[in-house]
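Below is one structure, written out as structure tokens, with a few remarks after it.
Chain lettering (A, B, C, D, E, F and G) follows the sequence in which the chains are written, and residue indices restart at 1 in each chain.
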Amino acid sequence: MQGQSQQQAYDRGITIFSPDGRLYQVEYAREAVKRGTASVGLRTPDGVVLAANRQVSSPLMERSSVEKIHKADEHIGVASAGHVADARQLVDLARRRAQGEQLRYGQEVGVETLTRSITDHIQEYTQTGGARPFGVALLVGGIDEGEPKLFETDPSGTDYEWKAAAIGGDRDTIQGYLEDHYREDLDVDGGIELAVSALSEPEEEVVDAEAVDVATITTDDESFHSVEESRLESILAEIDTEETDE
Amino acid sequence: MQGQSQQQAYDRGITIFSPDGRLYQVEYAREAVKRGTASVGLRTPDGVVLAANRQVSSPLMERSSVEKIHKADEHIGVASAGHVADARQLVDLARRRAQGEQLRYGQEVGVETLTRSITDHIQEYTQTGGARPFGVALLVGGIDEGEPKLFETDPSGTDYEWKAAAIGGDRDTIQGYLEDHYREDLDVDGGIELAVSALSEPEEEVVDAEAVDVATITTDDESFHSVEESRLESILAEIDTEETDE
Amino acid sequence: MQGQSQQQAYDRGITIFSPDGRLYQVEYAREAVKRGTASVGLRTPDGVVLAANRQVSSPLMERSSVEKIHKADEHIGVASAGHVADARQLVDLARRRAQGEQLRYGQEVGVETLTRSITDHIQEYTQTGGARPFGVALLVGGIDEGEPKLFETDPSGTDYEWKAAAIGGDRDTIQGYLEDHYREDLDVDGGIELAVSALSEPEEEVVDAEAVDVATITTDDESFHSVEESRLESILAEIDTEETDE
Amino acid sequence: MQGQSQQQAYDRGITIFSPDGRLYQVEYAREAVKRGTASVGLRTPDGVVLAANRQVSSPLMERSSVEKIHKADEHIGVASAGHVADARQLVDLARRRAQGEQLRYGQEVGVETLTRSITDHIQEYTQTGGARPFGVALLVGGIDEGEPKLFETDPSGTDYEWKAAAIGGDRDTIQGYLEDHYREDLDVDGGIELAVSALSEPEEEVVDAEAVDVATITTDDESFHSVEESRLESILAEIDTEETDE
Amino acid sequence: MQGQSQQQAYDRGITIFSPDGRLYQVEYAREAVKRGTASVGLRTPDGVVLAANRQVSSPLMERSSVEKIHKADEHIGVASAGHVADARQLVDLARRRAQGEQLRYGQEVGVETLTRSITDHIQEYTQTGGARPFGVALLVGGIDEGEPKLFETDPSGTDYEWKAAAIGGDRDTIQGYLEDHYREDLDVDGGIELAVSALSEPEEEVVDAEAVDVATITTDDESFHSVEESRLESILAEIDTEETDE
Amino acid sequence: MQGQSQQQAYDRGITIFSPDGRLYQVEYAREAVKRGTASVGLRTPDGVVLAANRQVSSPLMERSSVEKIHKADEHIGVASAGHVADARQLVDLARRRAQGEQLRYGQEVGVETLTRSITDHIQEYTQTGGARPFGVALLVGGIDEGEPKLFETDPSGTDYEWKAAAIGGDRDTIQGYLEDHYREDLDVDGGIELAVSALSEPEEEVVDAEAVDVATITTDDESFHSVEESRLESILAEIDTEETDE
Amino acid sequence: MQGQSQQQAYDRGITIFSPDGRLYQVEYAREAVKRGTASVGLRTPDGVVLAANRQVSSPLMERSSVEKIHKADEHIGVASAGHVADARQLVDLARRRAQGEQLRYGQEVGVETLTRSITDHIQEYTQTGGARPFGVALLVGGIDEGEPKLFETDPSGTDYEWKAAAIGGDRDTIQGYLEDHYREDLDVDGGIELAVSALSEPEEEVVDAEAVDVATITTDDESFHSVEESRLESILAEIDTEETDE
């Protein structure tokens, strides 16, 4: 009873501290992230892999319109989980910042720099009144001076660097799978396989090639590429075989 | 009891997160959409069909004034469901954006670009304080570089791409009918028939030609056309026959 | 009990959605309209008739100061119901817009264009915080390119086109009377008679000539004219006769 | 119980609608008017009479400082009832508008035009947040193109035209007296007598000449004049005689 | 119980009307005035007298720093009661206005004009949101074209003209004493004696010369003068004698 | 119970009046002052003494960083009690004002002028919404045209002039000690002794030289000087002796 | 019960005073600091040592991305505890200020000056409405004119100078350890050992070299240096040995 009425108090106003030092609106925004389908990102010596579930609520919906993975710059991709419209705002922000860097300095924005610029924007919405936090988490992956890099942004405006990370619904299960199976010597192809396997873990069956969106940014051409469905199908087939083998 | 008082808490302020990560004001705006009469849109290889119920509360009201389908640009139409005055604001926004694109770049705005510009506007009203979300959903259909395209905007500011979609009251029933009867090889005429049949489904009788507003944008002239009542009548007659046949 | 406390919640803040998708402040503004005395408008092939009850609270009050029918432009009249001071604001807005059109484009504003400009203004007051909706409904009648036109604006910012419509107190009774007695082939004189009869319906006796304000905009000179009391008296006499006849 | 808690809800925020379509803050402002002492205005063929009670709370207070009747322009007077400081704001506004008209157009402002300009200002304070309504009613009297005119402004921003009207405390009693005794053929002298008699009605004894403030604007010189105490005394003596006669 | 909870409702927001037409925040500001020590002002044919109690909370406090009587302009003094810091704001305002008048028009500001300029400022704080009313009353005294004048400003923004008036704590007792003892033919010396006697009334013993601050503005030099302690002492001695005589 | 809920009402909004005319937020800010350690100021014919307790919460904290006594201008010092960060804002304000005076007029700001400029700033925060009052009291001491002067500012924005005053925790005890022991003929050395003795009073033992911060502004060089620890130690030794003697 | 409901009252609005003179939002922000892992800073004659725990929630997270110690300027480092995104804002502010000083004055900013500039910013967020306080504490260390200096900033905007200080979770335990073991004659190497020992205290086992982030700013080159993991390992080995010895 006490817990409930206390909690309500924090819901009414802007993003303020609770007596135990938490920002409830930020924690609720984290719940909004969990309500979204999962996305996964991982880093290999030769690139970054981003993968996302894309579920459609009707067979008549175009799967391609469920955008979970976005190209932010030539060499940077972003995977999102949570409130879709919020994600679009942050991706648009990332694109504008990347273009601005190109225009002002004639060079590509760094992955970490771009991530910071996003999390600064997110933080501002948790401190200044009259607006709610962003209900979205992002995985920002790309190549920084030849090095594959992967960052996460959370609704508090914190950023973390990862070797491999999951965001969104079933995060714990998928992250556990990543911790068990990630190896530093994976290449991008192995990374794609791991990412898709991880996304398949919660349902305990391999996802369809069309239900997953995968992109890579590799060190060779430092460019964002969507992974074609045919390539995904052959990888998924392989997973199936392995699982049957186990 | 708990549910109710908790819910009230979210109603008082601006659009903020609930403990389970939802934006109640946005969900209530979705209810406003459901209170409106239904609209349907679908895509065929040769065009896009938009259709809407237009009910009048009195025989003295001019049906033509119940505008549910709007021309946004020469090659783009918009069907709406929900709060009528809100819809008009978004349609006006769409028209200004389309004109602006024409003026600035001397070319027609893309259907997806225009949809994004609308959903960005909608999203803003869900995050910044001092305003309520838009209580309306739209179907935006048109021709993009020769390809028929159909998008939906929802009150959260999310956009979806569809082959065929329903918005507004009885959405579930109508969408179910579309899922059962939509075929990729329908032409625009078949699409009109399907759209009107779908709108007729909840009442289980074929709607009157005058009670339905239909428009098409076809690939041949890439122009928005309202379907005349006479053409509708002959299509409806056909539906009647078919239904009798079944 | 639940209903009441829930309702209170929506009263406190700005115009926001209720869980069932309604805007309470807008619905309450509709109640403000019902608190006003009725106005009636109707369209005939040769013009538009606007009529309004004007009740005075004391015999010493000048009836002419109870302005319910206003000239908005040379060829457009407005009848109002509801909060009097709010109505004046909207009529003033209409006049400024009509003048602006004349100044900028050297031509008369269309009836529909002017109505939209009013309803856009009304809608804004239902979405942006810090202000209440307008507690008034209007009937906007005039001649558009030779055609008589009649529109209604409601407190949500929606506009409807009518052949004949009532707003304000006893709307349902009066509208029912209009539905029963309106004929497409009425001329303006017949329209005046019908309008006054309809206004007389709730009290079940013919109103006094001085207690009703009637204006016409006819296709011949496309100008707003107040109907003189003498002409009204002869029409009312006729009604009395007819009623006695029935 | 229900009524009370509901009422409280409307008191907390800005001026918003109640479920039955009323603006409580405006109705409370009307109560503020009733808390003030009464003022009376009336129109005769040869001029306008304004009269007001001026009560002092101590014999040491200068009666002349209880200003209830104000000269707004050479040919326009204003009598007020209600919140004194609010009245001063509106009278100052009226004076500035009258001067502005003189400066811009080189002519005197019309009585109705000036009244409208006051009620527009009042209405604004009932719709826009962050301010309360004006707790004052005014009687605005003067000569418009040779014609005596009398208007009332109320806290909602509505204006009414009157032959004779009372505002403030005991309004109903005084207005009733006016309705019983007003005659169209009264001259200004008779009007002064009627106004003072009406003000004397609630207490059932004739007020003192010094306790009443009377002004006239007559058609002959179209100028505002305060009525001197000596003239008032002789009029009051006459009233006394008449009353004794009855 | 009802009264209390209703009252609370008005405390929460800005200065708004109560159901009976009162502005609670203004009435509470009047309570703030009563919490201050009293000030007295009175007018004689040859000048104005302002007097104030100045109590100190410790013998180490400089009495001179308890400023209750202020010189606003060469010929105008102000006595205050209530919230000290608020009084300083209003006195500063008065000084700036007086100087502005001098600079712009090369003449001294009138006492009434200056008072109005203060009460206009006070009124604004009772109507516009986001600020509380001033918790202070002032007595503004001076010479207007050779005539001694005395005005009071109250927290609602109303001004009153007085022959003799008290503000602050024990106002009623002191005002009663003034009403009993004020005579039109008093000269300034008699006025000082009366003012100090009145201030002494609530405690029923003559105040110390050092505990009272007295200033005069006389018609001869039209200048503000503080009354020296020696002069006060001889006056107080006289009062003592008289009281003993009675 | 009643008291508590009433009190809560005032806590919620901005700084507003309570029914008995108090500003609760200002009174709570006074409590914030009492939570701070005490400061003392006193005036002698040859200067001003400011003294403050500086307690540290850990032996590793630098005592010098507990700044309670600040140099505001060459000839003015400020001692503070209460919310430390708020004090710093006011001291910074004082410094900027002092510098501005120097720059604009080429002369040193007066002690009273500077104090007023601080209290005006404090008052503003008690009247305008959207900010809380300052939770700090200051003692402002310095030389005005050769005269030692000492002022206090309190959270309401009132200023007082003192011969000797204490602010902060245990104010009453320390002020009582000052009242008992202050003599007009003390010199600065005696003043330091008295100030430190007063600060020692609540704990009933002489404070350590390092735990007290003392500064003087003397008439000879009109400059702010911190009193060195060695000088303090010899003074404290003397106090000890005296106390033993008593 | 009373305590709880009272507390809620303060949570709803902006940062305001409680009846006992505390700022709850500031105190809750202090709880946010305690929720963070600890950081330690200490000063030796030859430099400043900053050390922080960096815990990762998954083995796949890059420890280096858990930034607790930041270079603010060439000669100044900052260690943080609490809300990570808030800390980043303050560190960015510090960097901009340091750069600004360099640009404007061509010299390095002082450690105390920089700290003040941060705490002024923090204070502003505790007084002005519409924003919450910063939920972070910082230790700012560097070389000021050859002297090692260490400051703490807390969420109220207060700054303290320290010889050795801990912030964040387990602050009391770690500060106690520092008080027991800090010696004025420690050199930087001894300081590193002490800092890491102190951080190890709450868990009662020596932390891993990779789980601690240590930086020094020494008087010889006045530059910020991160301490390499190898050097940390040898120091930690030494601690282990000592502890075993004890």
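Everything below uses one rule, namely that a residue touches a chain if its C-beta (ideal position, glycine included) is under 8 Å from a C-beta of that chain, and two chains touch if they have at least 3 such contacts.
Quantities reported herein were computed from a predicted structural model and do not represent experimental measurements.
K.L.:
What are the chains that subunit C and subunit G both touch?
P.N.:
The shared contacts of subunit C and subunit G amount to nothing, since no chain touches both.
K.L.:
Same or different, please, for the subunit F to subunit G contact, judged on whether over half of the interface numbers appear on both copies.
P.N.:
Different: fewer than half of the residue numbers at the subunit F-subunit G interface appear in both copies.
K.L.:
Would you kindly tell me how far, in whole Å, the mean C-alpha position of subunit C lies from that of subunit A?
P.N.:
Subunit A and subunit C have C-alpha centres separated by 55 Å.
K.L.:
Report the inter-chain centroid distance for subunit B and subunit F in whole angstrom, where each centroid is the mean of the CA atoms.
P.N.:
Going by mean C-alpha positions, subunit B sits 69 Å from subunit F.
K.L.:
Please work out the Cα centroid separation of subunit B and subunit C, and write it as a whole number of Å.
P.N.:
Spacing between the chain centres: roughly 31 Å.
K.L.:
Would you give the residues of subunit E that are in contact with at least 2 other chains, written as numbers and ranges?
P.N.:
Those would be 12-13, 129-130.
K.L.:
Which residues of subunit F touch subunit G in their complex?
P.N.:
Interface residues on the subunit F side: 4, 7-8, 11-13, 24-25, 28-35, 58-62, 64-66, 83-86, 88-89, 92, 125, 129-135.
K.L.:
Of all residues in subunit A, which touch subunit G in the complex?
P.N.:
It is residues 2, 5-6, 9-10, 12-23, 116, 119-120, 122-123, 126-130, 151, 156-165, 175, 178-179, 182 of subunit A that touch subunit G.
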